[in-house]
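Chains: A, B, C, D, E and F, in written order; residue numbering restarts at 1 for each.
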Amino acid sequence: MRDEQLYKQGLDTGSKIYGKDGYLGLVRRVERYDRDLADYLVENAFGQVLTRPGLDLKTRMLCNVAALSALGIETLLKSYIRGAFNVGASETEITEVLVQMHLYVGWPRCLNAFTVLEEVMEERRK
Amino acid sequence: MRDEQLYKQGLDTGSKIYGKDGYLGLVRRVERYDRDLADYLVENAFGQVLTRPGLDLKTRMLCNVAALSALGIETLLKSYIRGAFNVGASETEITEVLVQMHLYVGWPRCLNAFTVLEEVMEERRK
Amino acid sequence: MRDEQLYKQGLDTGSKIYGKDGYLGLVRRVERYDRDLADYLVENAFGQVLTRPGLDLKTRMLCNVAALSALGIETLLKSYIRGAFNVGASETEITEVLVQMHLYVGWPRCLNAFTVLEEVMEERRK
Amino acid sequence: MRDEQLYKQGLDTGSKIYGKDGYLGLVRRVERYDRDLADYLVENAFGQVLTRPGLDLKTRMLCNVAALSALGIETLLKSYIRGAFNVGASETEITEVLVQMHLYVGWPRCLNAFTVLEEVMEERRK
Amino acid sequence: MRDEQLYKQGLDTGSKIYGKDGYLGLVRRVERYDRDLADYLVENAFGQVLTRPGLDLKTRMLCNVAALSALGIETLLKSYIRGAFNVGASETEITEVLVQMHLYVGWPRCLNAFTVLEEVMEERRK
Amino acid sequence: MRDEQLYKQGLDTGSKIYGKDGYLGLVRRVERYDRDLADYLVENAFGQVLTRPGLDLKTRMLCNVAALSALGIETLLKSYIRGAFNVGASETEITEVLVQMHLYVGWPRCLNAFTVLEEVMEERRK
């Protein structure tokens, strides 16, 4: 049973991060896996958590970029680097996050994350 | 062979994050392990990387808190939560970083990180 | 804004896993960190996800024991081994899950998980 | 020096999980790496451990699916999702294991695991 | 059913690494968890794998120290640093392995591993 | 501001590991990400750390192969397996490192690493 207000907030926040089409594409994909799982993603993750006040969306995304590069989860890292740009982060800010990651998780994760950033930069130049 | 300018920059940046005594304590400890390793830490990590312009030290620390909680490296997380406070992060901002971590790395890492935050809050109340 | 029905389901499922006092203790602890975070834990994690039909709670707990031992998150592993017993798993079943883990994540994680199991067995004998 | 009884048990259990051709293909591949390594895999992993009584093969596979999705080892996850189906797990059961993983290891690992499940479902429909 | 030859080889190799008392202590502990698991450990891990020719035991231990520090599994790292000394590694060699780890897995895992090395050095001075 | 002596040492050591063209290719790629980051890589990682005396380059590479296979970072593992061969490791020695990894990090990481080794062997036969 969907909570319509949370769902709408989730769609709004998700669309700011991924773009409206990108976010609806993600939600449709998760609905194919499991309808309720998609609702948790929209309502709980985006509608409740990522819309919380107390930290701006740009800083949230930079922190997520840090965490995802640290874990080496490169598929989602790509979406979140795109998302960081969408909510106002500059290439310099994202670069700085990735540069300092080599101190905390080592060169391999750092360089792999830059490969992902370079792919996103390539998309953006088109 | 020490690069005195980088070394001094490293001591400055390290002292902003850990407090002067805290940072010198860390450096002394690493010197016991290996003298050159301590120099790399001061010159390269703190003197070169963490003093780079392009991202403010508070956002750097929030990103590091995100990465260290994601990896579950709780000893250093404690130092970095202290450091985030030292460079101007608020309890709310740190809380927000940790809250959203449950989305990306799951509840266990998130709750363990809050245990660490609570220990730091306890220290600060004294 | 709490969803009372989900909250109640979450308390019920959480109490089955952790025992009522254990679960309320966990919820109170998380409320100290952040009131809303505790609500997400009760409503979303326990009320929505862990109460889903389609897989019995015992198998759910055995899978969680597998995942937590694989990740080496030993604090929560202890709670979940206790939880697995509470929802009907036998010592043999938990042992079998941990034994086979050495194939998938290596001996160190496997032996550390057995140390945790032994601590829980010790508690239970008292 | 091969232990023929363990080797035969290993082939039997491996064939239940991977299908006979799939399992022999794996064993042949590992023999190319190192002949003895292939024997350890058949005798020790499959012949000794996975044939132990005390936990049915379906629950074993669900636990392995949980652990492999938690670790993000997607190549082997695919084999083990196939294997879970082969030893009697339903799509619903596997879905439930993956859904609850987002609580323990976060959304990225969960969604990546569903991508793998979807690929296996696609194979099975052919 | 124990393979006596492998078991004896395992005891020999394990005793070289851990010392005879240390190794028997480990085996007794694992027997408490599960009798057969202890046999796999002695026969398969120590009797088959770690006794293989083709790489000397000192290099094997240095590689294991690298892997265990990379993973942050500090309980076993301690045993293996002791073991590396027992099979002839020098403090310099172990230090070099840990120093270079900061490049591959970051400073936190490196410094935590040095804490473990320092504890072992302390034991050895007694 | 580049330290020319460290930079030259870094190029020398890097060229021993990756071959001159391979190493310059890596450095050029990292320069595209960030010019200073490339200097840290050459001066700090290769010029300072990997050129330290106290452990021969072959043993260093075998330890790195162990760590990278343990972490499942397969892109860099490939470079480092090539590098291990370049500094004198034999196929047998690398095989032994990877074989024993299944004990410490489980079969999945071990078998994935052998896939990488097999790709490198294929290149070398050409």
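As a working rule, contacts are C-beta pairs under 8 Å (C-beta built on N, C-alpha and C of every residue); 3 or more make two chains touch, one makes a residue touch a chain.
Worth saying up front: this structure is predicted, and the values here are computed from it rather than measured.
Listed here as common contacts of chain A and chain D: B, C, E, F. Of the chain pairs listed in A-F, C-F or E-F, the one whose interface repeats that of D-F (more than half of its contact pairs identical by residue number) is A-F.
When each chain is reduced to the average of its Cα atoms, B sits farthest from chain D.
If you average the Cα atoms of chain B and of chain E, the two centres end up 31 Å apart.
In this assembly, the C-alpha centroid of chain B lies 40 Å from the C-alpha centroid of chain D.
Centres computed as Cα averages put chain A at a distance of 24 Å from chain B.
One finds 28 Å separating the Cα centroids of chain A and chain C. Among all residues of chain D, those that touch two or more other chains are 36, 40, 45, 49, 52, 68, 71-72, 95, 99, 102-105, 107-108.
With chains as nodes and touching pairs as edges, the resulting graph is complete, every pair of chains being joined.
Of all residues in chain D, those touching chain C in their complex are 45, 49-50, 52, 54-55, 59-60, 62-71, 92-93, 95-97, 99-105. Chain contact summary for the complex, chain B toward chain E: residues 30, 32-34, 36-37, 40-41, 45, 68, 71-73, 75-76. Interface residues of chain D facing chain E in the complex, by the touch rule stated above, are 3, 36, 40, 44, 48-49, 52. Remark: chain E residues 72, 95, 98-99, 102, 107-109, 111-112, 114, 117-118 touch chain B in the complex.
Within the complex formed with chain C, the chain F residues making contact are 102-108.
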